[in-house]
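What follows is a group of structures, each given as structure tokens.
Two complexes, one shared chain (chain A), two partners (chain B, chain C).
Moving on to the complex of A and B:
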């Protein structure tokens, strides 16, 4: 009697503990969106760092860029891959948005999915939105 | 059976601990020796350089039209808000117009007796009463705003430009209290609805930060003269104060010039030919 009770209790316990996994099995989940490479970025295919480093580290890179531009007036970045970039989010050809033309599909799609809201665009402007 | 004394156990444990501590150091040394080339961050080749940037304003060449053109060129290109305009009702619905008295300015005209209160003599030459005097951030050699800033958002660059990192500004406004020239303004409101035409080449500011003239650091970096110089029809010269061969130094040597509130010891870098 008590053995059955214990077993039943265990089964219920395991089911309950793993409930998030069951829930995920029955509900459809959205896959993380891939940032879309459009326009110039799709052609060039050479970013500041390589793809996976860029995904993980772009915020630290931007932080270094900001200090370099504002404090040292150094605006030209030559990466380890030998490419030169204009250290700017949105101004000029060789800036982030100069290459990745569509902010909504490049920045926002991932940030929305990951529920992060960086405040870059409270000051920096998206040239596409102005026109 | 091996019997260990406490003493010999502690010896072995100590050596092992040193060994474990040394491993990361060794790894670091090893990884640095064959690392790839580090990224380089440099100034643009075309950038203009100076030991200490300064400005010279020839007030005899300033007319009301020129003054307006200069103010316009500066404020338009730096997305300085104009709180007298009605915000676009479609884009910014529900944005209240701003009450009287709020303004943000990077360069503006001032009466002589306001710009130079310590130089107001009893029988001042008549013409000074209505001459337009352009005033802006003085990019002081000894800037009190930099000393007041608790976050180092305001700082003096190695080329003498007193500049702000708006990312770091926490809006405490100590710098505004410290600046004896009133060169700084605070964004009490989101400035974006009050910018008539946003220039994509320069960011806007956000609510809660102080802003001021940056001597067009973004243009100097591209090898261009500041907006005010271009719009001034020769009334404003910007150059290196520390270089005896520069145009600005030649002009300073030839003319009698004054600076604002010199007695305070801030060593302003903006000179006026009167």
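Moving on to the complex of A and C:
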């Protein structure tokens, strides 16, 4: 192979490896979402789990809840703080979205940032959208 | 038990523990989360460039393509244009298949003595190295590309499509990415080959085991973080975005497991240019694959040839003409 070809390949490779650096330089980078508690959640301030546990584990919890509700019809969940919650994503006052009222700010901001597209909303609806 | 794999195995364990203990015990988040990643990427890029430039500067004195089929010959003999290419198009196709389909591994055979009374040496088709290598390389590629979601915001459409396809079986939450377990199982298979196959074990050195254990460690910690003990993804993405935009940020509540994963990745990057893993660049430069077998049609001159003072027949005759004529020997020029 000729030296020019090798050097061209090498340049392409180095550019590809360093792409995260220059891509963020030439495009505007989306800032990390600032999670904020709104509406009822801001007043009550008692979630199912602790803050960081909730951030990391909520998807697992929702999966366990889904199985528990669908297979065992068990709908009550008692959190680590002794509070009892309704195992539901979007139905009723005592559900996830019953307390965290703004789906766009509560769910979507972080999911979009981390490129996560959960399939929750293929079956569930945002209660706000129905009204 | 064999020290050729025990030492690399221990080394990978210790490296992981170093990062884990450094972060959990000593609070060295800045060292393992900022300093070492920058050093590793610098070592990777500089080392890679030095290696490839060294190879580019080496002369390739001979046409030495491996010929794996009928060469170009008389018009009525069918040439194998891919396995014995005589044109650059043929070479291009051959390289493409080698790089994307690992064709030379597909030809792998195994030699063994027959189990019956004849006890003859026979060669048989051995496809599993090829299957394992394909599974490993493609799974690793997908895993690597998927990680671009931590280095771009907003995440490009291509990466999202890749994530969608990788997670298409929709098992569990967070959804299973097929590439993860495939990567782990394929590396474990390639490792077990080296350990249990006596003929492969015999030629395996520490430098063969170390990258395998390293990648197994990376895959295992990555899978653990996604499916078992969860981590705060937004915190981690803030950190990785901080790295690529040169505004380092250390997230709270991200534990030693993540830093262990990151440190093993850094070790892999820094170790890459000085190891056998450089076959990533080397496969393109392998003279037995990237040359056309056209030595009978074209004259290739060794670039190492220097001018050798030679004494031609004309010079010889000029020198001895008188004596040759005197002795009655035939000469080209009578003068």
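Side notes on the structure shown:
Just so it is clear, the second predicted complex is superposed on the first by the 100 of 131 C-alpha atoms of A that agree within 3 Å, B and C clash if a C-alpha of one lies under 4 Å from a C-alpha of the other, contacts with A are read in each partner's own complex, and residues count from 1 in each chain.
As a working rule, a residue touches a chain if its C-beta (ideal position, glycine included) is under 8 Å from a C-beta of that chain, and two chains touch if they have at least 3 such contacts.
This structure is a prediction, so every number in the text was calculated from the model and none was measured.
One of chain B and chain C touches more residues of chain A, and that partner is C. In the superposition on chain A, A:59 contacts chain C only, with no contact to chain B.
In the superposed model, A:20 makes contact with chain C only, not with chain B. Judged by the touch definition given at the top, the superposed model places A:91 against chain B, while chain C stays out of reach. When the two complexes are laid over each other on chain A, chain A has residues 119 in contact with both chain B and chain C. Put simply, chain C touches chain A in their complex at residues 41, 44-45, 48-49, 52-53, 55-56, 148-149, 151-155, 159-160, 163-164, 170, 172-175, 230-235, 237-238, 241, 244-245, 252-253, 281, 284-285, 290.
Listed in rising order, the residues of chain A touching chain B in the complex are 64-68, 70-80, 87, 90-92, 119, 122-125, 127, 130. Those residues of chain B lying in contact with chain A across their complex are 36-44, 47, 79, 155, 157-159, 163, 165-167, 198, 200-206, 217, 220-221. On the chain A side of its complex with chain C, the touching residues are 1, 3, 6-7, 9-10, 13-14, 17-18, 20-21, 23-25, 29-33, 35, 52, 55-57, 59-60, 62-63, 110, 112-119.
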